[in-house]
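For reference, the structures are reproduced in the following blocks.
One chain, chain A, appears in both complexes that follow, with chain B as partner in the first and chain C in the second.
And then the complex of A and B:
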């Protein structure tokens, strides 16, 4: 199947993949720290395991960007 | 080394200064380590001690960066009352090995701006070249 991942068209051997499996294939270090958009809609994290992608879907994933400077 | 045009460098300082006493954040994009565009992001935490970008805004910006054939070069944020060096939380949340992490400290009267590469737990000070 062909997916557009972060703007690039990529081919995958599997015809069925969950978002969680896709993130693993993309070697995402900490999936719990990633925001995923599927075909323009941001997915809730709880749905990563149960949401399947299909041919020609478009997926964006991006790590959280944050931090802090605790005042001591 | 990251190269930042003076106008954008000044914008980083004025934007982060305008959000005091809270932390402010943003993204710098460009080509070949030369910054071409600044994205001033919203700190959804609106806190003087932490920042977190809005994921919707992040995704919108990443698409814009791609459409303009640029790369994300740096993530910047401010430390209103602490030095310009990454905190433990900054290090834990540095997921991008290939970008510069820029910190603007307002601890002293004159803002201190420093750039770092953060890979795993390893922090390296990087040079900022301000260009006219």
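And then the complex of A and C:
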């Protein structure tokens, strides 16, 4: 199947994967720190195990980013 | 308010833009923008807001200029090391545009002072470097119904979005700050100065467009920038019904002071 991951189209051998499996496959470090958006909707963390991606789905991994000036 | 001849000349290159004009310039001169953090993001934002003629600029920062800041915090010069950042920034603004009224807050933002501060302004720029502050600004602007620009940077990457009341907020993406020490800070992981510069300029641009009601804002959109691979990408996102702040069953009813060292290990 083909998935759009972070804006890039990628091919996968499997025809379906859970979000959790996809995070492993993409070697995402600290998956517990990543927000996942599936087809434009932010996915609840509890659903990573049970949500499957399919052909033509679009997935975004969004990471925390700090930076700037120490103000607190 | 009528523009003086000096003002017409000073701002002529933007007054000729159809999105600005004399009316828009007057809007800018009458506007009040708050920049929280006079650091890597705040420096370029402050310089451009002042040059553009934003009439009142607020600066919140409780820190002094350190030599390690100079690589990216371009409003501060070598001679300013050890000076309070708010005074260093205020001096530069006065040199660029002496007509700007600058309100300084020599403090850190916390749950007990932030709402009063943001209430005084039309638009807020988050130029902070740590998650407790970012969540605090998001929540304070939500409760005060104030628009703000979020900015986060790390190494060669950055992300930014613009919050408008009734639209998606920071907690719609990240429900709470990361645990202490998990996500590296710029002081640990590094930051290239131009990344801070680019993002701070985008944040100033959002503030200016908001005041002018011009063009499109980064609302319900997260702009992701990777300067190393020169990649710019916009990720659409929506108001999240599970958001603990603005969702259908909000859990957060008041401001929270998260533990300050959550990700600010070495500052």
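Please note the rule applied: the second predicted complex is superposed on the first by the 65 of 72 C-alpha atoms of A that agree within 3 Å, B and C clash if a C-alpha of one lies under 4 Å from a C-alpha of the other, contacts with A are read in each partner's own complex, and residues count from 1 in each chain.
Note that a residue touches a chain if its C-beta (ideal position, glycine included) is under 8 Å from a C-beta of that chain, and two chains touch if they have at least 3 such contacts.
This one's a predicted model, so the numbers in the text were calculated from it and none came from an experiment.
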Q) If you stack the two complexes on chain A, which partner ends up touching A:35: first (chain B), second (chain C), both, or neither? A) both
Q: Please indicate which partner A:44 is in contact with in the superposed arrangement: first for chain B, second for chain C, both, or neither.
A: second
Q: Could you tell me if A:62 is touching chain B, chain C, both of them or neither one (first, second, both, neither)?
A: both
Q: Based on the superposed arrangement, let me know which partner A:7 touches: chain B (first), chain C (second), both, or neither?
A: both
Q. Do chain B and chain C touch any of the same residues on chain A, and if so, which?
A. 6-7, 30, 33, 35, 37, 42, 60, 62-72
Q: Please name which positions on chain B make contact with chain A in the complex.
A: 23, 25, 27, 41, 45, 47-53, 55-56, 58-59, 62-63, 66, 75, 77, 79-82, 86-87, 89-90, 92-96
Q: State the interface residues of chain A toward chain B in the complex, per the touch definition above.
A: 6-7, 29-30, 33, 35, 37, 42, 60, 62-72
Q) Which part of chain C faces chain A closely enough to touch in the complex? A) 36-42, 60-63, 73, 85, 108-110, 126-134, 136, 151-154, 157-159, 172-174, 178, 182-183, 185-186, 191, 196, 199, 222, 224, 233, 235-238, 240, 242, 260, 263-264, 267
Q.
Can you tell me which positions in chain A touch chain C when the two form their complex?
A. 6-7, 30, 33, 35, 37, 40-42, 44, 60, 62-72
